[in-house]
Every structure is written in structure tokens, then in C-alpha cells.
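Presented sequentially are two complexes of chain A, the first with chain B as partner and the second with chain C.
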Partner chain A sequence: MAHPFNLSSGKSVRIPFNRTIVVFVIIALLTIGFSFFIPVKWHLIRIDQLWVIFSRLFTPSHSRTWGDYFSFMLTLGDPLLATLQMSLAGTVIGCVLAVPVAVLAARNIFKSKIISIPVKLLMNLVRTIPTMILAILATFFVGLGILSGIIAIAIFSFGIMAKMLYEAIETVDMGPFEALESTGANKIVAFQHAVVSQIAPIFISYTIYIFEINIRASAVLGYVGAGGIGAVIKNNILYNYDRVGATIIVMLVVILIVQFTSNYIRRKLQ
Partner chain B sequence: MNERVALAYKQQPRKWIANIALAIIILFFVAISFTGSTINWYRLANFSQSFNTMIRGIVDINWAFFFGIDGFQFSEGIVYKTLETLAMAFLGTMIGAVLALPFGFLAAVNVVGKKWAKVSEALLVLIRVFPEIILAIILIKGFGMTPLTGVLTIGIHSIGMLGKLFAEAIDNMDRSSLEALDSVGASTWQKILYGIIPNIMPDLTSVSLYRFDINVRSASILGIIGAGGIGAPLLIAANNWSWNMLGTVLLAIILMVLAVDFISSYLRNKLV
Partner chain C sequence: MIRFVNVFKTYDNGVQALKGVSLTINDGEFVAIIGLSGAGKSTLLRSINKMHAITSGQLLVDDVDVAQLKGKQLRLLRRSIGMIFQSFNLVKRMSVYKNVLAGRVAYHSTVTSLGFFPREDRYIALEALDTMGILEKAFTRVDQLSGGQQQRVALARSLAQKPKIILADEPVASLDPITTVQVMNDFSKINRDFGITIVANMHHVDLALKYAKRIIGIRDGLIVYDGPSKDINDKILESIYGRSLAHDEVLGVE
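The block that comes next holds the complex of A and B.
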């Protein structure tokens, strides 16, 4: 393949080595290697069951009518409110707590590595722990209920926000900061007027984005005892598929509304 | 001069009043959000003691359980479960990427036009917002409580985000090489093979690597409902408050996520 060939001008050209083949071989090897961990048990696969479960989720069960199906949706107000409460309180608390940490981790504000490296390590550790596990751990300390959900979501939001915000602070234009310092302003005043004004819209936009993620996450947090919509699904999953289906529909509608509102606000902020 | 500055300073819009009002409103809502939350005071009173027990347990790693030796079967050990989780995330991402490719073309404005791109985009949004756990609950009925269900869940769920980002990559593609190929009389297949694929490949790989990163995290919780991976031992340990088991599982998850994070961001930096 790699033999050179001559152009009419007498120049000899070598076809460059194509790395795509190497990448494909690596991907193929990884795929084969990993497939050993995913045994396909043909006797367990019942594709037709998928249609059965779909019809049982999205049509009323034998003893109920469509009226029951839709009136059940109306009773979901309380768990829905609990889900919204968890997400809102958790997001705001976590995001606000993340601000000082993000400032500490940003290398352009604090020059020393002694502060920024441990802070970054802590941030990465927090982000690796799944929200569900945080919720279970929180129930150990405060018992079952919304509060454990709030704590879990707050810690999760803290992890993401601290990381995204410190990256945003590090890319801030430091010109105004230096200009203010050169006029004799002390560091705190310079930070307040030069950095905060650049970061504030980004912070708000990120907070809304994290709220959006948390709404989706809190929908399933009920699975581990944190209340809200997830609890309704868990309580009905064994016998009342139609109720689970109705809950899923309501949940999707709420998530879509939150998503569109958040997209709209974030576009306005830019 | 100074007077003019002072005047301008006085006349600047008083934004802070609005800001404080907004802050108060948000604080009010946050405060309201705590109504209805109950605290188990008995547990909270023992906070320092229980926190101590928890931390001491979590640090006490059960290595036999970790490696799946000494009375533990290897296939029940955490190392095996971690590899299974990685396998779920990897194969799921592969399936998602392959399935997302046609969606990417169907949602790209410069391939199918504005109207159809909107339709495909709406479908992708629907896939994206459908909670993964719910999808897994549905798929378990068809594919059983096996890691295969986890792979399919991750694959289907990934289509939503990958399809959207693929479409963006296709939309932002440099079209001059396509024109060049056109001018030398290349066939449609040749145009796709030499004009489109090399152009969008780095973007697609980078996006897929990013999604793999996310999928490792979601693969590690899918086991909670029985869809394979490290989530099952994680849930059992956490629900039983058996702290050293939990510590063992968490150690594996933390190492796995940090390693994948590092490798994926390294490869993505190399691609760009």
C-alpha cells in the first residue's frame, strides 16, 4: 500500500498511512472482548411481551375505564409537587454552595496549586457517586422522604455546577480585572465588578440546565424511597401497569414543559 | 468631568432592586419546598455516631468480594461486575451510535430540508427525555433480567443525544470536498465514502466518546432494577447498610468512572 508513486512532474508521493483501519480494529477487538460479558439468553427473550407491556401500560386494565385512566392522572398532583420541590430546593442549594468551591478551584483567581488540586479532586469524587446512592445514604441519616431527595440532588448539583463553573471562570476575560486592579481597586472589588458580571449569566444558565437534569433524575429517585413521582411508579409496578403508564405520560409532559421553558430562558440569556 | 461621571453613575438602571426581589422570590420557593419533608429526629440525633460507623465501614474494603475470590464466585465479584458494566456501556454506545447515524442524516437541515429535520428532531427529543430507568423496566419484560437489557436500554436512550449531535456535525460539515469530488465525476458512494465520512468522522467519534462517558455512569445504576451491571450489588449493599460492601462497590465505581473520564477526555483532545 505504502509504495510511492510518481507524478508527471517527477515528484514521488507516498500515500499517507490510514489510521482509520487501526481504530476500526481496536473497536472490533473491544466489541468482541466485551461481548463475552453480555451473554444472550435466547430462552429469556420474548419480543411479543414488549407489545403486551405497551398495551397494558397505555390502556386501562380490565376492571377500569378510560375515565379512571385519566382521572388517576389528576391525583398525581401531590407526588408531582414533591418531585418539583426536591428538584428546586436541591438545585438551588447545590448550585449556590458550588460557587465558593468553583472560585477556589479556578487557577486564574487562586494561583497556588495547593488549594486547587485537592478541591478539584473532591469535585471529581463527588461526581462519580450516583444520585440514587446519595439518596439511599441520605435516608440513613434523615429517614425516608423528600428531605433525603433534596440532599441527594443538592450534592449531585454541587458536583456538576462546581466543575462547569470553575471551567467557566478559568476562561473568563481577565482584562477588566487587571484594569480595575491597576486603578487601585482591591482584589475583592475587582473580582466583584470584573469577574462576577461575566459569570452571572453563565451561572444562571447552568442552574436552569441542572434543574432540567434534576427533574428527570428526581422522577426516578422515588425508587429508593425519596418520594415523588418515582414512588408512585414503584408502588404500582407489580400489579397496576395502567397506573404506571398514566404516571409515565404525566411525567413526560412535565419534563417536556420544563425542557422547553428552560431552553427558552437560556436562549434569552445569551 | 467628575460631575458627569457621578451623574452617569446615578442614572444607571437600578438593576440590584430587581435582582434582590428575584433572589427573595427564589428563596421563598426554596423555603416552601421544605414543607412536607419529614426528618427522622432519632436518626439525625445519632448523626455523628452513625456517620462514624459509615465511614469506618466504607474504608474497610472487602478485597475477597472485590476480586471475587475466597468464597465468592468470580462472576459475583466486583471486578467482574465492573467489567460487565463497562461492557454494557461500550456495546450500548456502539448500538446507539450505529442507530443514531440514520437519525443524524434525517435530522440534518442540509440533507432533508427544514420541515423533515424538525420532525426527526422532535422524535429525538422524545427519546432523550424518556427516563432510562422506565425504558429499562419496559425492556426487561421482553429481554429478561440480563445485562442484554441494559445494553439495549443504553443503546436506545443514547440515540436521542447522539442523533442530535450527529445532525449538528453533518450540518456544520465543510462542503468544499464534496464539490471537488463532484467535479472529478465521483459516484454517490464515492462521495459518501471520501467526501462525507472522513469529514464527519472525528466529530462523530468525539461525540460518541462523550456519550460513552455518560453511559458508564448510567450503566452503573441500571442494575438497581435488574438490568445487569454493578448496580445490583450496589443497591443490596446500600439498602442493607452493609458499609464495607458498599465501600467496596463504590471504590470500583469511582475508579472506573475516573479512568473512563480520563481516557475519554484524553482521546477527545487528541481528536480535535
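The block that comes next holds the complex of A and C.
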């Protein structure tokens, strides 16, 4: 393909061919080809209904007034609080429990595979279970309500945090750890002084990010009986589109506020 | 006193780093170890505080057999030996003061070390910073400092440890020529004023000759020269490095 370069010294250099672009093109073609086999029922698609649904969501229905529409938003305080409590408690519990597991999985701290392999296996197992399934399972044990949501969110948060944190620990600069061991510190103290200070900002940043994800997820969890905002949506989705619309608006505002705050704090942490 | 008696070290991958090293370093000496990369300088240095364990032979520090030490006893030995690294090994996002205070952790139980340090330790940390002339940087984050200043912070951390010996593994290899001289002067000062034994691995032969009174030349895991730095000549350097050094390779710093 490419002609070799003949240098003035008489040497000949052939620049190796870059395969990345070929692999990329092949994957892209496979993806497009694969999509042809998705069975799309074109006769069922009714784009015109989109506008109907939108207008029903965001205007009062059943002879209700705009006053009713907005006063309904005010009644959402309690379920909203339940959703926030569920997300916050679940996030904190899950993220804190993930710390020891992440440390055990990090190969730069625990060199032995006997510890890290089973721990990583457990971590991967936890992450394969969808949050909805976790919530349904939790309702079997603790009944319907916010507690089942907390358990589901805690397990979900644990799964993400353990994985992200152990990867962060593995990329930490181990020089200070070595230096502290050389001063006669034991491994726990060396970890505290040399590693914790390096991963603490990462941990806080991830926790806030996971909280952000969980607020969104917890709205869906209401569907399987975990209470909160999700339960309100579930109870109204068949007959009261306007109430669902009002709930969506409130959720949107809350999520936006959390997201902006989270972005701000995480920028400050760097 | 550090004493090697016929010490061998073979790494797990089969590399023989030390092949029968015997030497004695007395208290208060300033010794430079020179040799090619991979000759065993680092292994020699790191076996003294058992950061690497020796394979056979005997290694005594103040008549204590280092090979037998483990757990608490090993940590007590390490506490009395400071260590300086080429890449400083400081926690970059922490303040200078906190890094130096970390040199005190081995004096306390695990629980105390996780919490607050006694006032006396904080005093020792500040004194160490003052000795190194960087007290005014105490509450600056380490990543704001230059390389030379960072190495001084590392030296202050070692001083806070109240060591009898300081091991320095290529302490100036990543510094520019001017800061190199400053940091080497700091080593001299510590050696002179506190009587701390200094054992330093050096790449720069001229610096080693200028600052250390004694040179240990190591080649392929064996000691090929051990004597006063003033007796070093081209023939000895050739035996250490395998070929004679060109004039410009030896001279760099006045």
C-alpha cells in the first residue's frame, strides 16, 4: 500500500498501516446491517398522536382548570420528599458500603488474586441485576414502600461505586504509599495518609453523580411499588394525563436543580 | 552502623541484583553509591530498610538482623531510617505541612494516626520545615511547588521522622542543575548538623565526588570500588562503568 520512505542514509522505512479506522468502519457497517432486521411495524406508527399526547399532558383535562393543574403540583410535596429521601439514603448507604469492597478489589493495595478475583466477581454480579428487578425483589422482603426503594437504590449505587472507585484506586500514585511504608507506617495508616487524600475528591464527586442518576431512577421505581413520585405517575397514567404532565414538570425542575448543583460542586472539587 | 555480609538478592523473575555484597557504613558517614542503571544500586539501598528482602547473607543495622524483622519490629527499624525518592513521593494535592506531618505516623497507634496529631508532632513538623527553609510554604499545596522545593518537603518529612540514617534513591535525578546543587547542600547540612548517616544513589559522578566523602562503585551486583572519593580516578571509573567516561560526562557542576 504505502510506499516506503527511502532516507538519504539509504535506509528504507515503511510506516505501519493504521488498523483502527478499518475496525471502526467494519463495526459501523455491521451495526447498520444489523438494524435492517429490526421488525418495525410501520402501520402502527402515528406521529400525529405525539401532539395529542403532549397537549393532554400539559393542559388541564376532565373539566379541571389551570388553577387545579398548578394546585395539584403543590400536593406533590410528600411524594417528592419520599423520592428524595429514597435517593439520598440509598446513595449514601450504597456508596459507603462500596468503599471497603473497592479497596479489596484494587490490585495495587491487595496484591493477592485470592482476594481481588472473588470481590470483582461479586461486583460484576451485582451490576448485572437491573434496578427494577432489585426493587421487585426488595418488596418481597420488606413490603411495598420507600424501604424497598432504598434497598434497590443502595444495591445499584454500590455496584457502580465499587467498580468506579476501585478503578480510581488502581490509578492512584503509589509513591506516597511507598514513602509512608518506608517511614515505618503500617498499611492501614499508609493507605489513610497516602491514598485516601487522593481518592476522597473522586469519591465525593462520584457520590453526587450517582445521587443525580438515582433521583431519575427512583421516579421509575415507584412503578414497582417503591412509592414516591413514581407511584403518583403510575396511579394517574391511565386516566389523568394532566396530572402526569404536572408531575413530570415538577420532576424536571427538581432534577435540573440537582444537576446544576452537582455540576457546580464537582467542578469545585477538582 | 550498617553492615552487609556476603549479601545476595535474586528477584522472583530470576534477576540477580546483588551477588555477594560486603560492606560497612559507619554512623555519620556520607556515602554515594554509583554505577550503571540496573547494576544493583537501588536494590542495595532498599534492602537496608527491607523495602526489598535479601535472599541470603547477613544485613545488620545497629547490630539488628534486618532479614529476621517483620511486623512491628520492622516498622520500628523503618521509623529510624528516612527515605528520599527520585519522584519525591509526596501527596500532591495535600498541603506541605500535612505531608511533613505524615512522617510522624509511625510514632503513633493506627487509631491516633487516623485522627489528630499531638501538639508536639505538629511542632516537630514545623521545625523540620524551618530547617529546610520552606516554612513559609507550609500551607501551600505541594503541586504548587517546584521540583527542588518538593524534594525539600520530602527531606523535611524524613527529618520529622527523627531518623539516624537517610537513604536517598536518585534524589536529584529529576532536578535542574541549580536546584540539584541546593538539594545536595541540604543533604550535606543534614549530615553535618544532625550527624545523620546519608547513603545516596547517584547518577552524576561529579556530584557524588563533590558531596560524598566515600564512594561505593557497584557493577553487575558486585562492589568494584569502596573508598574515599578523593582517590577516584579514570581507571576506577572505567571499572565501575565498563568504559572510560568522556570528560564532558564527568564534569557538569562546578
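By our rule, the second predicted complex is superposed on the first by the 232 of 270 C-alpha atoms of A that agree within 3 Å, B and C clash if a C-alpha of one lies under 4 Å from a C-alpha of the other, contacts with A are read in each partner's own complex, and residues count from 1 in each chain.
As a working rule, contacts are C-beta pairs under 8 Å (C-beta built on N, C-alpha and C of every residue); 3 or more make two chains touch, one makes a residue touch a chain.
None of the values given here were measured: they were computed from a predicted structure.
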item: Combined model on chain A where chain B meets chain C, clash or fit; value: clash
item: Partner chain(s) touched by A:A82 [first = chain B, second = chain C, both, neither]; value: first
item: Which superposed partner A:I249 touches (first chain B, second chain C, both, neither); value: neither
item: Chain B versus chain C as contact partner of A:F141, first or second or both or neither; value: first
item: Broader residue contact with chain A after superposition on the shared chain, chain B or chain C; value: B
item: Which superposed partner A:V40 touches (first chain B, second chain C, both, neither); value: first
item: Contacts of A:L125 with chain B and chain C, given as first, second, both or neither; value: first
item: Touching partner for A:L97 - first (chain B), second (chain C), both, neither; value: neither
item: Touched partner set for A:D173, first chain B, second chain C, both or neither; value: second
item: Set of chain A residues, in rising order, touched by both chain B and chain C; value: none
item: Chain B - residues contacting chain A, complex; value: 26, 29-30, 32-40, 43-44, 47, 50-51, 54, 80, 83-84, 86-88, 90-91, 94, 125-126, 129-131, 133-134, 137-139, 141-148, 151, 201, 205, 217, 220-221, 224-225, 228, 234-235, 238-239, 241, 246, 250, 253-254, 257-258, 261
item: Sites on chain A touched by chain C in the complex; value: 173, 175-176, 178-186, 188-190, 192-194, 197-198, 201
item: Touch list for chain C against partner chain A, complex; value: 49, 51, 74-83, 85, 87-94, 98-99, 102-103, 105-106, 110, 113-114, 154, 157-158, 161
item: Complex contacts: residues of chain A adjacent to chain B; value: 20, 23, 27, 30-31, 34-41, 44-47, 49-50, 52-54, 57, 82, 84-86, 88-89, 92-93, 124-125, 127-130, 132-133, 136-137, 140-147, 150, 216, 219-220, 223-224, 233, 237, 248, 251-252, 255-256, 259
